[in-house]
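So, here come the structures, one by one.
One chain, chain A, links the two complexes that follow: it is found with chain B in the first and with chain C in the second.
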Partner chain A sequence: MKIATRNKLLQQLRTVPSIGWILLGLLVLFIIIAPHFGSADNGFNLFRQGAVLAIVASGMMVTITSGGIDLAVGSLVGLSGVIVGYSLKQGYPWEVAVIGGILACSIAGLISGLIIAKGRIFPFVVTFGMLFIARSISLGLVQGGSIHIENIPFSVINEGSFLFLPIPFWITLFVILFILLLMKRTVFGRYIFSIGSDPMGASWMGINLDLNRILVYILSGSLAGIAGVVLSSRVRTGNALLGQGLEFFAIAAVVIGGTPITGGRGSLAGAVLGALVITVLQNGLSLLGLSSEIVSATVGVTLVLGVIFAQSVYRGGLRANK
Partner chain B sequence: MANGKIVEMQGIVKNFPGVRALDNVDFDLYKGEIHVLVGENGAGKSTLVKILAGVLPLDSGTVRVDGTSISIPNPRRAQQLGIGIVYQESNLSPYLTVAQNIFIRHEPFQMGLLVDVREETRKAKELLESLSIDVDPGELVANLSLAKQQLIAFARALSFNPRVIILDEPTSSLTQQDTNLMFTMLNKQKEQGVGIIYISHRLEELFLIGDRITVLRDGKKIDTLEINKTEMPSIIRMMVGRDISEMYPKEPTTIGKEAFRLENISSKGKCRNINLFVREGEVVGLFGLIGSGRTETMRLAFGLDPLEQGSVYLRGEKINHISPSKSVGLGIGFSPEDRKQEGLCLALSVKENIGRASLDKLFTSGFVNGRKERETARKYIRELNIATPTEDRLAIYLSGGTQQKVVLAQWLCAESSVLILDEPTRGIDVGTKVEIYHIINQLAQKGNAVLVISSELPEIMGISDRIYVMCRGEITGELDRNETSAEKIASYAFGVQEANHENRN
Partner chain C sequence: MQISKVISLARPRFTWTRFLTAISRLLVLFIMVVVVSILNPKFLTTGNILNVLRQAAPIFIIGVGQTIVILARGIDLSMDSVASLTSVVTATLMIDNKIPFYLAMAIGLALGALLGLFNGLIITKIKLPPFVATFGTWLLFKGLTVLWIDGRVISGFSKGFTYMGIGRLFGVPMIILIAILVYIFFRILLNQTTFGRKIYSIGANPDASRVSGLKIDRILIIVFIISALMATFGSQLYIARIDSAKSDFGEGFALDAIAATLIGGTSFEGGVGTIEGTVIGALIIILLRNAMNLLGISPYWQGLATGVIIIVAVLGDTYLKKIAKRYET
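Coming up: the complex of A and B.
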C-alpha cells in the first residue's frame, strides 16, 4: 500500500519537466548563497524581470512546435516600446499607445507569416530579415536615441499590483493560460502539432497549412508586442535596442524546457520554467556581485548544459517508449 | 440504386517531370464493392488514388462522383464529397492522442470555439469499441505500434462516414489478427453500401476480400477483371508483363572466394534473420518491393544504421563496430538509392566528387594536391566514359546516368572491393543503363564482389549471377541465374509462393 502511494507520487513527479528540478536547485542555491535573493522585494523583481522573457518564450514555443522559428521577436519587443513612447509623446492616451504598439507587432508577424506561407520561404530567413526591418523602423522613430516615458498611468503597468502581486505577473499568467487553452482546447492548437510533425501529412488530412502558419506568426508578433509594453513600462523608456538578443534567450528557454527544435511537440510549462531559470540565473548572479561579463558567460554555459541535459532526457524518454 | 457507380475516372493522365505516371487510365467503383488495385512499384496505383483524394492534380481526364463531373482540388474537397483515404504510411500526428487524431478537422465543439474534450473522448471510445479496436483514446499515437496506428488511421477515415474508402496498402504493417479485424470492418462497410478501393501487394489477400481487380503496369491500365473469374498466375503475368530483352549484356566471370557475408542480421521493424553472401567476381541481385527491407538491410550492413543483431564478415573476418567510415576504409562502397540526396554533393565538381570517399588515401599529408586530384579524376572519367566536358563541371549539371557513373567512380577511386549498389539505374535512360551494366560486368571481371539492389525484375534477372528475394523483411528465396523466371521471383517477392503451389495442385 505504501509502495503504491509512493509510486503514484513518483508518477506525478515524472510529469514535471526536468527543467523544473534545475529551477528548484537554483532557487535553493541562491537563497543560501546570495544575500537578499530570498527577500520579498527581490521576489517581486523576479516576477517583473521574468515576465518579458516568459511571454516571448511562450509564443516561441508555439512557433517552434509548428516547425518554424521567429527571430524577429526581440526587435519587435523594442518596436512595441518605441511606438508606445512615441505615441505618448505625441499626446495620445496610454490605452491607444499600448494598442498601437501591440498592433504594429501583430502586423509585422502577419507580414512574416504571409511571406513564409505563401512564398514557401524558410522562417529562419524571413524572420531574420524582419528582425532588421523592425529595428530600423524603431531606430528611425527614436532617431537613434530613446524616448523617455513620463506618463504616470502607463508606468502603473509595471509598478502597480493586484491581489498583492505585481501586474506584469498577472499579464504573464493571462498569456500563459491563453496559450494553454489555445494549444489544448482549440483546433488551432491541434493543427499546430500536426503541421509541426508532418506538414504534408497534415495537408493530406485537409488542414489549411498557409492559414495556420500565418496565424502562428501573428500570435508570435502580438506576444512580442505585449512583452514590449511590459518592458517599456518597467524601464520607462522606448528604446529600439531594448529586447536585443531576447529571441535567443526565448529559443533557449523553449529548448531547455524540452521542446525539440524540430517541431511537432512542445511543452508550455517547460518553456515558462526555462524562462524562469534564465531570469533566476541572471538575477542571482548579479546579486552575488559578479561583473556582467561573468554573469553572461555563466548564463551561456548553463544554457548549453541545460540543452544537453534536456536533449538526453528527451532521447531517453523516446527510447523508454519504444 | 444499390449497384450504381459512385466513382468513375476516365482517361486520367498524370505527368511527373520526365515520367508519365498515368497514361489514359480508366477506373470505376460501384456501391458496396471492394475494387482491388494491383501493380508493381511505380505502376501508378498510389498516384491514381491520390488524384481521387485531392492530393495531386490531374493533367487531363474526368472524374465523376455519382455521375456528375467534378474537380477535387484539395483534400478538404475530397472529405466533403465523402471520400476517405488511409495512406500507405501513417500520417497521424505522433504527439496528439488517438481521440485528437481521429477527430482532427471535425472536432466536436463546445460554445462554438473550444474543443469539447469530453465529448471527443466519448465519441472516440464509442467508435473504437464499435470497430473492436482495443486502444485507449487518450493514448499518444507515438506510443502505439505501427499496426495500431494503421487501425487508428482507418478509424479516422470511417469517422467521416465516407461513401468511398481508399486503402493504400493498409495491411503492410498489420499482423494476421489485425488484418482479419480490418477485413471484418471492410466487409461491414461494404454491406452498408460503401465503395472501397483496396491497394495491396499481398496478392493472396485479394482473393479473400476483392470483388473486382484492376491491374496497372507502367502507368497504363492492363485490364479490369472479376476476381472469381481469374487466377493468381495470370495476375502476376499481367503485372510483370515484360520480356527480358537483349538489354543485359551478361559476361562470364570467374567466381572466387566469399568476399562479403551477412549473418543473422535482424532489426526490429526492418528485417529478420538475413543471411546472404557475395563472392569475388560475382554479381548478386537483391530483389524486393519497396518496403521489403532491402535498403534497410544494406544500410545496417554498411553501418549507416546501428546494427543490433547479427554480424558482417569481410573475406571471412568479422567486422566489429561497423560504421560507414570503417566500411569505406575496409574497401566497401555503398551507392545509395537517392543519388542526388545521398550519393553525390551536387554543388561540388566532378573531380571533387570522385575523390570524396578517398581523400585520406589520396592525400596522406592532409593537404589537397590539385594536380593529383585532377589526374585521378581524369583517369576515371576515361575509364568509365563519364560524359562531362571537364572534370571541373559541377555534378548538378550532369544527367542522371552520368551522375551515377560519378558515384561509381567515387567507389572505384576508394579501391572498394565490395560494392553495394542500391537501384543503380533508377531514372536513367536506356542507353546509359546498358553502359552501367557494362561497368558492373567489368567490376565483376576484375574480381570485385557486387551486390545490386533493384526493384526492376528484368534488370535483376539480366545482370545477376545469383538472386536473393526479400519480402516483408525476410529473405524468401535464393535463386541461381539458370533457374530463374519472372513469375518465380515475383511470387517470392509478393510472398505468395505457398499459395501459388496450392493453386497448381
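Coming up: the complex of A and C.
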C-alpha cells in the first residue's frame, strides 16, 4: 500500500509538470507571436473561455478514474443552457432557472448511472445514447433555434468580477477544490480509485459498486450543468448545440493531463492544465486569424502529440519505479 | 464461459443468444412497420419503402466499417471527416479536373485507405487508445477538408456517377443493389475466411489471440483501413444520390454508424456481432426518421428516439443473454 502511494506521488510529480511545461511554452509562444494575446482583456477572456472546459474536464477526470466515460456531457451543457433560457423566458427568477438547469443535468446523470450500474452496460454505450437524448430534448424545447437571454442578473455570472477576477474563474476554482477534496479526502474518492483499478476486488472489499458508479454520473452530469450555466451566461443564449463536441475535448484534456483512459488513476491538476492547454491553443490560434476549422485541426494534432508525450512519460514513470 | 467462447469462435454455429438477438431485432423492425403503416397508410407504398432502403444504404455501408472496428474492440470516430475529405476530393477531381468518375472514385478510395492506414499506425505502433487517436485524426482530417474545398458546394456530377445513387437496374435502385453486394462480400469475409475469424478472435480476447500467434497489429491496421474505405465508399454513394458535396456533409456519419452497429446487437466489448445486425440497425434508424416525418413529428425529437432505442436494444440484449443461458445449460 505504501509503495503504491509513493508510486502515485512520483507519477503525479512526473506527469503534472510535463503538461505544465507545454502550457507555459504555449503561453510564451503566443505572447510573442499573437497580437493582443498577452493583454489583460484577453487574459480575463481566457479565464472565461477556459472555465467551461475546465469544469467539464474535472468531472470527466472523476468518471474516467472510476473506469467509466461520459459522452453525454457536451449535450448536457447545451441542455442546461436551454433550460435556463427557457425558464427565464417563462418568467422564473434567475436563481430558479439556474438550479433547474443544473438539476435537469443531474437527473440525466442519475438515469445514465442507474442504467450503467443496474443494467451492467458499458458506460460508452449508455452515455452515447444519452448524448442523442439530451440533445434532442434541448432541440425540441427550443425547436432548433436558440433562446436569447436578456436577464441582467444572469449575465453577471459571466461579466461580474470578485476580487478583480471574473466570476467564472471563482466558480471553476470552487469546482476544482471541491473535486480535489472529494478525491483526496473522502471515502468516496478512495472508492473511485479502487473501483477504477479493480472493480472485482473493490466489490469483494465490500464497496457498493452500483451506488458509487451512480454517484459518479450524477456528479459528472451536475458539473456539465454548471458548465452550461457559465457558457450560456457568456454567450447570452440557450442553444442546444452549444456544447457539441465538448465531451471529446474534455476527454482529450483528461488524457493529455496524464490520466490513463483505462481508469484507476487520475490527475485533477493534469486535467485542468490539459483544459487550459486546449483553451490557450484555440484562443491563440484564433487571434492569429486562422479559420475555426484550421484551429481545430491544429488542436487535433497537438492532442495526439500531447497524448503520445503524456503516455511516454507515464511509461517512463512506471519503468523508473520498478 | 471462456471455453464456450473459444469454441464458438472456431466456426459460427447456432446458439440461443444469437437466435434471440436476431429474432428480437426482426420483431422490433416488424412492429415498427406495422404500427407506422396503421398510423399512416402512405408508409407501405413501394415508393416509400424503396426510399427507406435508399436512405439506409449509405448508413449501412458506413456502418459495416464501424461494425468491423467495434468487433475488433476498437472504435473509429474519424469516419465523419474521412467521409467528408475523400468525397470532397472525389468531387473536385471529377468537376475541376474532369477526371472520369471511376478513376476519381479509385483515387478517393486510395486516399481513404491512406487515412485508414494512418489511423491504424497511430493506434498500433504508438499504442494510443483508438478513441483518442481517431478523435485527433477526426479534427485533423476536418481541417484538411476545409483547406481543400473552403466552403464551396460542388454539384453537377456526370450521369455515370449519379447513376450509382439514383439510377435503377431492372427496376431496383442501383444503390440498394450495391448495398446488397457489400453485404454479401462482408458476410463471406467475416464468416468464411480466416481473416474474418481473426477479427472476432482479437475482439473476444486480444491476449489469447496474441499468444496463439495472431499478428494483431497487422490485422488491426487492415481493420482501420477497411473502416476508412467503407466511409469513403458510403460517402461517394451519398454524394452521388444527392448530387452535391461540401466540406461538412459527413458530419454525423460516425455517430449514425456507431448507432446502427450498437442497435444491431454488436457488443461494445468486441468479438460479438453480425453484419445482419448492422443491416437491421441501419434500417431501424432510417425507418424511425421516415416514420417521424410521415407522422409529422418535429425532426428535433428523432435523437430522443434513436438514443432510447440504442439503450433499450443493449439493455434488452443483456436480459436476452440471461434467458438464452437458461436454455443452453
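To be clear about the criterion, the second predicted complex is superposed on the first by the 305 of 322 C-alpha atoms of A that agree within 3 Å, B and C clash if a C-alpha of one lies under 4 Å from a C-alpha of the other, contacts with A are read in each partner's own complex, and residues count from 1 in each chain.
Everything that follows uses one rule, which is that a contact is a pair of C-beta atoms (placed from the backbone, for glycine too) under 8 Å apart; a residue touches a chain by one contact, two chains touch by 3 or more.
Just so you know, these numbers come straight off a predicted model, no measurement behind them.
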item	value
Contacts of A:Arg236 with chain B and chain C, given as first, second, both or neither	neither
Partner chain(s) touched by A:Lys89 [first = chain B, second = chain C, both, neither]	neither
First, second, both or neither for A:Arg190, with chain B first and chain C second	first
Larger contact residue set on chain A - chain B or chain C	C
Chain B/chain C common contact set on chain A	none
Residue ranges of chain B touching chain A (in the complex, touch as defined)	53, 55, 74-76, 78-79, 85, 87, 91-96, 100, 104-105, 107, 113-115, 117, 142-143
Interfacial residue positions of chain A with respect to chain C in the complex	115, 119-122, 124-126, 128-133, 135-137, 139-140, 143-144, 248, 251-252, 255, 261-262, 291, 293-294, 296-301, 303-304, 307-308, 311
Touching residues on chain C, where the partner in the complex is chain A	75, 77, 122, 126-129, 131-133, 135-140, 142-147, 247, 255, 258-259, 262, 268-269, 298, 300-308, 310-311, 314-315, 318
Sites on chain A touched by chain B in the complex	181, 184-187, 190-191, 193-194, 197-198, 200-208, 264-265, 321
